[in-house]
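Read from first to last, the chains carry the letters A, B, C and D; within each, the first residue is number 1.
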Amino acid sequence: MIIVMQAGAPEEELQQVLRRVEQLGYHPHLIRGTQRNVVGAVGDERGKARLQSLEALPGVESVVRILQPFKLASREFRPKTVVKIGEVEIGSDRLVVMAGPCSVESEGQILECAHAVKAAGATILRGGAFKPRTSPYSFQGLGEQGLKMLALARETTGLKIVTEVLNPQDVELVARYADILQVGARNMQNFALLNAVGEVRKPVLLKRGMSATIQDLLMSAEYILSHENYDVILCERGIRTFETATRFTLDLNAVPVLQKLTHLPVIADPSHGTGHWEYVTAMARAAIAAGADGLMVEVHPKPEEALSDGVQSLTPARFQELMRQLDPIARALGRTL
Amino acid sequence: MIIVMQAGAPEEELQQVLRRVEQLGYHPHLIRGTQRNVVGAVGDERGKARLQSLEALPGVESVVRILQPFKLASREFRPKTVVKIGEVEIGSDRLVVMAGPCSVESEGQILECAHAVKAAGATILRGGAFKPRTSPYSFQGLGEQGLKMLALARETTGLKIVTEVLNPQDVELVARYADILQVGARNMQNFALLNAVGEVRKPVLLKRGMSATIQDLLMSAEYILSHENYDVILCERGIRTFETATRFTLDLNAVPVLQKLTHLPVIADPSHGTGHWEYVTAMARAAIAAGADGLMVEVHPKPEEALSDGVQSLTPARFQELMRQLDPIARALGRTL
Amino acid sequence: MIIVMQAGAPEEELQQVLRRVEQLGYHPHLIRGTQRNVVGAVGDERGKARLQSLEALPGVESVVRILQPFKLASREFRPKTVVKIGEVEIGSDRLVVMAGPCSVESEGQILECAHAVKAAGATILRGGAFKPRTSPYSFQGLGEQGLKMLALARETTGLKIVTEVLNPQDVELVARYADILQVGARNMQNFALLNAVGEVRKPVLLKRGMSATIQDLLMSAEYILSHENYDVILCERGIRTFETATRFTLDLNAVPVLQKLTHLPVIADPSHGTGHWEYVTAMARAAIAAGADGLMVEVHPKPEEALSDGVQSLTPARFQELMRQLDPIARALGRTL
Amino acid sequence: MIIVMQAGAPEEELQQVLRRVEQLGYHPHLIRGTQRNVVGAVGDERGKARLQSLEALPGVESVVRILQPFKLASREFRPKTVVKIGEVEIGSDRLVVMAGPCSVESEGQILECAHAVKAAGATILRGGAFKPRTSPYSFQGLGEQGLKMLALARETTGLKIVTEVLNPQDVELVARYADILQVGARNMQNFALLNAVGEVRKPVLLKRGMSATIQDLLMSAEYILSHENYDVILCERGIRTFETATRFTLDLNAVPVLQKLTHLPVIADPSHGTGHWEYVTAMARAAIAAGADGLMVEVHPKPEEALSDGVQSLTPARFQELMRQLDPIARALGRTL
């Protein structure tokens, strides 16, 4: 931490800061500047939030953090994580594509979807059984019945299953069926849920909150990792900005930034990120070109009849075309689909 | 809903839209324009999310919502809600001030705080026992022990108690101690939690998520109201914007907008909204002048030693000064403190 | 500046940074940390942008600025500025209200407006003769003819005149008629225009750009001040955020932040800030309560027929009511209207 | 336009709206709904801003625009524009890369840069002679001397030249030297400048403002097009969001959105968009994969000594590597470099 003193702060206030830094277990290091004095606090500042509170001391202008606040999620902790689910790898040279409907609506629908996305080259089936819906009057998902349909689709097609869990109490139930537990954007800082999925020995797909900084995302991953569940997959899915031409702003800049900061695999969700099927293919290509380890894409046999998110769903034919376009881009990056 | 057709969309696609609108239970109404055709879908569109999916039909350019998607939270449902907790009213002419530390840290600390904020004129004590912390390494609150300390402070001072609940499983426990259950900004769209607090017969303080639109906030309130718990208090606490001079951007515009749209009381939290104690008093005055029904303010006897949020906490002396400044502004609006 | 080295950066890279800091005319000060080394560069860093470029050196993780980059706009340069235009003062205990139509549309309209706002207590008349319009097909203002109408309104009512200038070439012309030159939000970083208004001996009203940080705003003020034109009035008028219930998000937090950082007077424009007349009065009250030195408000005799911005204009009757409500709030803050 | 009436608005207010719509030259079309009445106003609403002002009428809840407000920039006006500068085409299958330093600093620097970027495959040289700098104390560019150095570099290498113009008065001067006139992000709504570059018969590179919606960008292009200068190139260069890990948020979603809405070519600037050289190559790949017609990239022989923007500049060697990586991605999209 760097503690910046106010211009003209009296010596006494400076001395109080130096004493306080020492009391908190750091070694203070004073730089007398031409305009302001600055105190460096040497010592590992992670896990010790209290230095920040020095901003409340008289004479202090600001406290500037130097170190990133995450440890286990950091590339200094580990160079690279590859999450393995049977033969499927996330974070290796082979890109992973997770596809399927927003919600599991019926056995017929999920099976039709599963066959279609498998034929096009996806290896993981997505589908919501517990749905976080903005409106209490919207379809909330089929619950355990939906999980059973997903399991049936897995049996039939060999695809792995990723599905969302909303409530810490449901983690065990969902983990019985799913290969990957999804924590949705709206729950990215639901710390009770993060703790619960940390305790399960299943990979977790953690979606970036729509107003979460990249650092916030890594701190939420840190929660899961701190329970010794190291199989965390990060997912960029769009942030809230002033632009309304797209539903969210898919922030692909997060891909190279995350790859610099963390060892965890990073995928992108252009369906939620843009909110319109017309933009999904272009942004899927861009995500792979930016270096993402894979994609999550919404596919529905009849988007105009979907119980949720029809506007952003691809038909199976359009999804097949997307996969066809991804192939040469993957190869351009030395990767395979 | 208004369905806008693409320029030059063939008659056949238009007819398909008209048929589909009827199938979904609406009465279609066609306006042939000079550039584009437009279809009005007459019927109550709330609770029927599927019209939006028509955007996936060929020839459709966009689907524009006309009605607000909330019912019970709307001022058309009810003109005004006053939440009553014993003699304390929220939403009446008497303003309510909730004050206290970010976290309950010890019996001594919470009692000292309670006496101080009561002396200054607050009627509700805030204090976190379960803390949502960005870092898993930060102080997470004292849990039930903290709730007991809050209850002791209530006994001693007569103040009512508001405290946060993070996990649907803890709702019953927290409700045993608290007078008001707080749902924090990071859980505003934790629908499992919203359902759980809807089932309890205790008032709920619902904080706006940092990337939630005003409509999102009202939809989350709608979740609670739909369980027939009508005692919901809304709280503006700052949104995420590009500005970094303040920790969040306290959006006081939300106060008059909410008062136009909903019957629920609205308070503001300038401590979280600005993130710096120096700006709290000015923004507290502004919130009351904008028409807020009250405030939530962080007060700590020794901000520079606080286990959390010291930077944004007022000392008891500064809080007393804030209350002194609020008084004439309240009176200017025909209200009392 | 603080230069943070990467963890594990070799000694050689550190030495290169130390040398480079010295070459640039600063005194380097090394702090060896447990995780990272940090170099403080002592010396006045304002006006020397090049330290930031050290981030491009190998081994450097980031360069953190310590000092604010503005000098003349800073409260360290001067405690307080009061702009005087005849008997009207901006920045003193007496609040200033600038009111009038978005555009000057006709002699009749501007005279009617001028009389109405004067009667209600405004001392400065606003009205656009050169209009920055998003669309090239919208009304662009009456130009010099409009300026003449403003001058006539001044003669008739004694109100001072504030009007916008868009083009450096027009500065001289506008300055012949106006008492205050307005630089609009979209031109806040039009540096050619800032230089031009800096050269004129007339007060300048500088509106915050819709995506400008508070620091950006002060840097734009610094441009004007650096030409020795010290009569700059800052105006918060709403920033772009994700919220769409209001046209912009009036950021009243900027008021206390600016008052901490600068000596320049600060006013607020709730008409542009919210974009809806229904919210203008509440936010005008809030702005004054937050400590603003005054307001800019749009008033039009027939808002529904206005050539621009009708939605956000108050009728004269509503403006009168606004002024009536402001009075006790001004007094609550020890100020007068 | 769709005019939505308030629930319960009396018949008289509805009739007033119908009359007013007719007075403004539209054909009103009433839809009586179950909750609200809605009036469609049939007629070309572009260029007639005044319908929006109906929101100020009693009984009106909101006025919803149906048509996009731009005409000449629309794909309905023209399917595709290819800007030609000698043999260089922008908007064709051959991608265009504009590269060079932020600022022209000296003859040696610009020539070294020009040779380097040409060798790597760029066809257009960028370099600022008039620099828009946030601080009045920063290097402001070499002015006409810089333009002459650019012209010399063109002579020597055969590269075309793009350079920024800040002041309407300088348009003629800059047009004498440059092949493409750049309007920077901070001037995107400097309408005096847009009008001035519209009058010159030179292509214009129009950068998206950092808080401009995609619609705003197209409206600014419309200004230039309305002067019958149809050679406008749009450039996404990053928007302001809450994320601070990158300097701006390069919004690649704008690429497919713009390609749906307009015939104008679209390029991306990952240097300004991210603000850090480490992220430039990944985002350049992503931009091309998203479908951009080209790139603008900052290259400097010694980034750590650059007078501006060193942090985001690539060295010539890194730029060469970027071009090497782009090649297979261009081919994957059926394009060439």
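The rule is simple: a contact is a pair of C-beta atoms (placed from the backbone, for glycine too) under 8 Å apart; a residue touches a chain by one contact, two chains touch by 3 or more.
Everything quoted here is computed from the prediction, not taken from an experiment.
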Both-way neighbours, i.e. chains that touch chain C and touch chain B: A, D
Contact-richer chain pair (by C-beta pairs counted) among A-B and B-D: A-B
Rounded Å distance, chain A centre to chain D centre (Cα mean): 30
Chain A-chain B separation of Cα centroids, rounded to whole Å: 25
Geometric centre distance via CA averages, chain D-chain B, whole Å: 38
Junction residues of chain A, two or more chains touched: 211, 239-242, 244
Touch list for chain D against partner chain C, complex: 20, 46-47, 49-50, 52-57, 69-70, 132-139, 166-170, 186-187, 189-193, 209-211, 216, 219, 222-223, 226, 239-240, 276-277, 303-308, 310-311, 313
Touching residues on chain C, where the partner in the complex is chain A: 2, 4, 7, 29, 31-36, 38, 40, 42-44, 64, 66-67, 76, 240-242, 244
Touching residues on chain D, where the partner in the complex is chain A: 211, 213-215, 239, 241-246, 249-257, 260, 273-274, 278-279, 282-283, 285-291, 325, 328-329, 331-333
